[in-house]
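Each of the two complexes below includes chain A, the first together with chain B, the second together with chain C.
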Partner chain A sequence: MAQSSDDNDVIFEARDLRIHAVRDDGSELPIVKGVDFKVRRGEVVALIGESGSGKTTISLSALGYCKPGLKFAGGEALLLGQDVTKMSTEELRPIRGEKVAYLAQSAAATFNPSILINEQVTEAPVLHGSKTSEEAGAKALSLYHALELPDPENIGARYPHQVSGGQLQRLMAAMALCGEPDLLVLDEPTTALDVTTQIEVLKAFKQVIKEEGAAAIYVTHDLAVVAQVADHVVVLYNGEIKEAGPVETIINKSEHPYTKRLMGAIRPLPEPGQGEDSNHQHMRDVPALEAKAVDAGYGKGAEGKPASMVLRDVNVTIERGKTVGIIGESGCGKSTLARVFAGLLPPSDGALRLDGQPIAPDLRNRSREELRKVQFVYQMADTALNPRQRIKDIIGRPLEFYGGLSGEAKTRRLLELLEMVELPPPFADRYPHELSGGQKQRVNLARALAADPEVVLCDEVTSALDTIVGANVIELLKSLRRETGVSFVFISHDLSTVASFADEIVVLYAGRVAEQGPTDKVLAPPYHPYTRLLISSVPEMRTGWLEDTVSSKETITGMTGGVELTDIGCPFFARCPLAIKGTCDTVNPPRRVDGDDHIIECHREVDELLGGG
Partner chain B sequence: MSTAKQNEHYVAPYDDGVSFDELPDSAPSSHYSPSWTGWLGIGVVGFWVFIAVFGPYIAPLGENDLPFPDDYSEFQMPRPGAWLGTDESDRDVLSRLMYGAGRTIGISFAATLLAYFLGVVLGIGAAISSPRVDMIVSRINDAFLSLPTIMLGLVVVAAVGSSIPVLIITAGVIYATVVFRLARALGQEIMVMDFVEAARVRGEGRWWIITREIWPNAAMPLMTDFGLRLIYVILFISSLSFLGLGVQPPQADWGSMVRENLGALSYGQSVIPVIAPALSIATLTVAINLVVDDISAHSGGKLSKRL
Partner chain C sequence: MTTLILKRLGIGLVTVIAVSLIIFFGTKILPGDAAQIRLGQSATPENVAAFRARLGLDQPYIVQYLVWLKNFMMGDLGTSLASDVPITDLIADRYHNTVFVSVLTAAIGVPISLALGIMAAMYPGTLYDRVLTLVSVSLVAAPEFFTATLLVLLFVFVLGIGNAIVVGSTEGKGLFELIAHFALPITTLCFVIASQLIRMSRAAVLNVMSSPYIEMAILKGVPRKRIIFRHALLNAIGPIVNVVALNLAYLVTGVIVVEVYFGYNGLATLIVQGVQTRDYVLIQGLGMIFCMTYVILMLVADIAAFASNARLRHPK
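Our next item is the complex of A and B:
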């Protein structure tokens, strides 16, 4: 092994690292099977792989930490030349927070909601005695500037709930960097964020890592994100390195079939022409489900109106056998709309129609037949399946409840449904916790299909899944749509997913429909400025995309604020590059119709929206 | 594998056509197998349950028989014919202990069952009821909770008079308040899970949601708590008996045996008549605790994960 001259710069090195899970009976199961990689100063190394690949386990070894039930079984994890796997907790304490810091996926769970931000950011170095509280405060302030947080002088004096999600994520980076660690471990720091927020966070992370001269291990399953931030990539599958190399090589010249499969699962950018227009054989005269001028919100306010209005004047028509995609950032009312359809949240105004007939707004007043026709599929399959019921009972219940099936007829239908969602028959006897995340989501779908529904409401069904698993679920949905003629309402914050699956797209912003129409038209100019922002925020699989995007005008204005519900005017006003002061903030935007069924709600003329922002 | 593969492109050896299956979520959980402390607890509890059930049949003498009718003297030292000596009325301590086991354990178990029946039905009922009903039931329960248990027991028993059914009902109602809070908290936690909402969207009735969706998920944590609650009830019943308001003489139970024989501590030949029932209470409660701890240590993480 040749000693290269720059080995002094190696901050972290894993040498034949092995980690085993210890079972209850004492036997051991290898989780990480001999992994080697190095992280040099100023370098970001991405660990990429699906869940179960051991990427988080490996990244935590840099802190000398093993999750309960795991143990270091061999090899070394060298942090600045010291093997942290053999250290005691006492020896590790000064190292953690000083030499190596960890950034978790959820900033909301990392911050204590009742302590001021500054106090939490400066806590570690002050506690370790490496800085006085004045020094730490000064360091924190410089980090707030570097992370481009708004009002850096005063943001530390706020509580965590007083800043936005993206800001909190950046403040978490400040917390990790305040002790000036040599190595930063980031575990999926942007996975839970909206695309627009992801950009601002990625940009801040990348910049601050370079400025601080730290090294980083970046754990993710998103190759497009890796392309933006990493210098080196390590591809993991089942605890083994499948491919490793500089980011350009991995993205442009990957060789290993597993890497290629990861690349293959990435959906193309949202562009017109890819929405697979489903055939019309299932069409009928009346739409399957319709919402007319629906207003809805939470809480009880004056005059029977909700205290907090979420949806305003929403019109959505779902034709039989078609898929309507609903897109928008979190807080835009996507899930609220699904809950209105399901009858969980009766609208305060407007009407719902099922098969052309009006239906009760509250599910308690709906007949069993009406309930059968609208089925809901939840985002988290983990919590949507009763852990104490076998798969055959979970799927079997709607069969007997709606269809009155029992005995052999029920079993036959159950096996058909399992086959439909591509699960082997023996799975019928399993419990949910014996299934993987993707398999659980298939059971979740099968339960909805068991009701023989007209419309299936899918609320972020792929968001919690890895790229490959999510892609498989989308393929399944496409084939189900062809076979069954069921209509889908597909809610997602991921525009690429919606673009590849939906016939029609509804873009929601702050509870109003910003734009709606056939997929091809929504994804082509003229755009609503919000649609344009969403499209340009989807990360591309090339290096340098981040730099190009953050310099564009619409991204700069679009990143300035979060979603805020407004009573009058266009809610997108504050973030819109085309906003007209005095009009957009005071007058509700008119509905502009471009062609047959493409609607844009904007004060700008359709022609003005055609040009580049 | 070489460690110096960072800057060059490393590709692991592979076979074409090998599919990369979706990795499993987690290893299937194993069944509960007790640790040695768990086994110890199970052994001791099993021993006492056996005595409680068969004590009257295998006891050397009757509950109130005198082992040495010709040699009347209280607090005699152990000797053949009375292996734990005799008590304040010269009765056989061993036999009384064996008769008393059935009463102490039986009354406590029945009272805990009653507490669970009341607490779970009302607690889960409150959790799924309208906020107003929940509020009323919960505040009434809080009022009961604020009363000291032993005082409440004393007052009730003093007013109604002591008998085994009164003891069971009193202890059952008093401890139902604690179970109510636990069951309500569990019920509320499970009520907001997506699978319960899925059942509501399906149109399921309240009865189905309670029995099929909520109860199976609440049962396991409640059962762990059952053991713990049983300990408190045993101590409660024993305390009442010790104060003279529990099981009435000449019937034996462990608490009343301690009281009857208190004199042994100051002027008896043998202190065994006091120590033996006290030690029986201690070994039984500690053993139940060992079993409960062992089960919750085993399922601790997994239980909360399932919820």
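Our next item is the complex of A and C:
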């Protein structure tokens, strides 16, 4: 296994690497079909592609690891000149965590819930004998400082559930770097994070990789993130390399059709004027669904109030045939609001109106007709569809229950619905597990439409999907809105998606409405400072964007503070660059109206919110 | 966590009260009058009425229940209808045997079974794992008397050691003599509990072994032993203690077949005797004791599971 390359700087090299999936009957299916690329010292190579492109599988080969059911079928994966695909588990053990380290997509799942963070971070080098536990502890501490973790002296003495998601993601980086590996493998390390958190984590990763002088393989489907962190890009499709080159070339000058398709699916930055001008033909005098001064929360507290309040004084009006986008960070109460509309969580105060008529806050007290009019589409089609029912039964049930259809009429309607969500008729006889993620989400949507609803509540319906598939689902929603006059409540943490689809946007922060109004007005100045932070946090498809953004004032203030659930004052106070001490933290912000339909809750005057940018 | 434990305590208490209601009124529904049974067919109606009054059976049911419950809590389980002996004395004669057999079975059977199950989870799919699975599945399927018969055949008739039935008094015997005395019932029971414990501990550990943090540990180069004992086992304690507790409760209350088979007197045969002689006072008392054994063991298991969970031990 001699070093055959003249280039001594090569840390990792894949040579005609082939990986096969082994089926139950023993036959093999090629997953990775002969891939060649190199990673040099100090270099970040991005593997990019849709799910199923083999990018994760290839990246794990650098650790000599195949997921269960896969096997190395040919070629070489040379780590520091050694072919790790031909080594035994015992031979690999001293290399893993020492020469090459792995960062997974979800830190929450990757940390052992029962073991203190410090022990997990320092485990690899101590076990491998490259550091004493004191040395490893000191290294961990310096990494905590470098990764800008709060309270670095004590954070390691906590359990994983006691720190936030973004912090855990950075702690995972510390875990990978503690053994000072030559190669880091990062698998979608920021995909599960909010945009504002993603910036912090990206910044920390980039800096630390540079300081530690490590090389890295960065797996992602997000080209904008690639533009920020990578030096080289390898574009993968179906287990083959479609294109490879320096990041500038791929981002700016790519000619390859597949790369262009990937770029085409990237949602444009959230700017005014993208929302499709949905027609008004379905409008009527009364809105489809309304929430008036709704408070809601979980648990039982004093005086009939919830023990933990999630939503406070939320007003939302959903007009017929229109789409209201609900946006905010995880934990801001987006999904809770959908649950309130659906009647799953009765509000503790305020009222709900359907077609102008008050409806019962609790699902159980609603009539079948009222239930029919409001339908829910969940984020995870995987868990929302019964795995033991065929598609025709999943969609057929609401047809019977709400529409009273059976026999011929039911079948006809079923086929219409499948056509509406662009699935061919034979799918009716399939089971959910025979469908791809995007197809399952279409069935999920068809199930909601089968009830012939007036309002469809979509909770992060594209978040679990690939860029291209997600973009297709959005297109489908747009055409459904045009044809059926159904209203949508579209919940997402992704501002770009909401901007391209919603007629009106509600920005939630810590359970309160920070800003709401027509899409074009919310996405243009004057902004609520939080909206501005959200907009500026969406990565742009150009190199150097990250550096520009993290040096801006809003981002710095926005990143240092944490979310505070306060009873009085503005919850955004600690992260707001425009905060007024003594006012913002003690008095609830007033409702400022810009025009007649654009509301900003802020102590600053509308004029003050215009400037900067 | 304290509130969780208090909640569990509350649920346990409610369970005990609910069971006490079912036991008490259940035995009331049984046909036959207690006084008539006790005094026999030849008793005059006057005698029966007087006896009923003495037992308090002429009181309303609810009063009878409350008096019974109060007496039970003060340790007075009443007097046997069949033999006119206090129930506590009847139990005292027997519980030595039951306690000795179940403690020894637990002490031998639980650690060995858990070790075997965890080892199977360490090397899934190997010959060892498959043989162990085959054996434990067969044991689950085999009734106790079948296992007992096989053991008797092997030890008594082939090897010529031990006795096919447990005979003689236990009084004045030392520990080792007692072990020899009960060797076969204990071995049988070890096999019975082992089958379930092996399968459940293997499943619990394997379930944890498929989580992402175990994959991460593998990718950090953590040795297999440490992955099992430091990373996996901690997270499998909850389900494992639950199965252990269920099996311990079985050892106290459900070993009737083994007791009858080997012919020694334990608590399980006592309750069957109570049913045979229509001694409802005995049934009530033992029923309550069995119920409380279950409730207490499950409570201990729940607390152990809570204590092993970092999220509950250290809330945010």
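Points to keep in mind about this one:
Methods note: the second predicted complex is superposed on the first by the 604 of 613 C-alpha atoms of A that agree within 3 Å, B and C clash if a C-alpha of one lies under 4 Å from a C-alpha of the other, contacts with A are read in each partner's own complex, and residues count from 1 in each chain.
Note that a residue touches a chain if its C-beta (ideal position, glycine included) is under 8 Å from a C-beta of that chain, and two chains touch if they have at least 3 such contacts.
Just so it is clear, the structure is predicted and the values come from calculations on it, not from any experiment.
Superposition of the two structures on chain A shows chain C clashing with chain B. Number of chain A residues touched is higher for B, counting chain B against chain C. With both structures placed on the common chain, the touch criterion links A:Leu127 to chain C but leaves chain B unconnected. In the superposed model, A:Gln439 makes contact with chain B only, not with chain C.
In the overlay built on the shared chain, the residue A:Leu363 is in contact with chain B alone; chain C does not reach it. Look at A:Lys581: by the touch rule set out above, it reaches neither chain B nor chain C. When the shared chain is aligned, chain C comes close enough to touch A:Ile115, but chain B does not. Contacts of A:Ala104 after superposition on the shared chain: chain C is touched, whereas chain B is not. Of the two partner chains placed around the shared chain by superposition, chain C is the only one that A:Leu92 touches, whereas chain B remains out of contact. Within the three-chain superposition, the chain C stretch that clashes with chain B turns out to be 133-141, the only such case among 43-51, 133-141, 187-195 or 277-285. Once the two complexes are overlaid on chain A, none of the chain A residues touched by chain B in the first is touched by chain C in the second. Per the touch definition, chain B reaches chain A in the complex via residues 1-12, 14, 16, 18, 20, 22-30, 33, 193-195, 197-198, 200-204, 212-213, 216-217, 301, 305-306. Against chain C, in their complex, chain A makes its touches with residues 60, 63, 65, 92-98, 101-102, 104, 106, 109-115, 123-124, 127-128, 158-159, 161-162, 175. Chain C contributes residues 211-213, 215-223, 226, 230-231, 234-235, 308-311, 314, 316 to its touches with chain A in the complex.
Here chain A touches chain B in the complex through residues 1-2, 4, 13, 15-16, 21, 23-25, 29, 34, 36-38, 40, 50-53, 68, 232, 237-238, 240-246, 249-250, 253, 255-258, 261, 342-344, 363, 366, 368, 371, 375-376, 378, 380, 383-389, 397-398, 401, 433-440, 447, 451, 468-469, 472, going by the rule given at the top.
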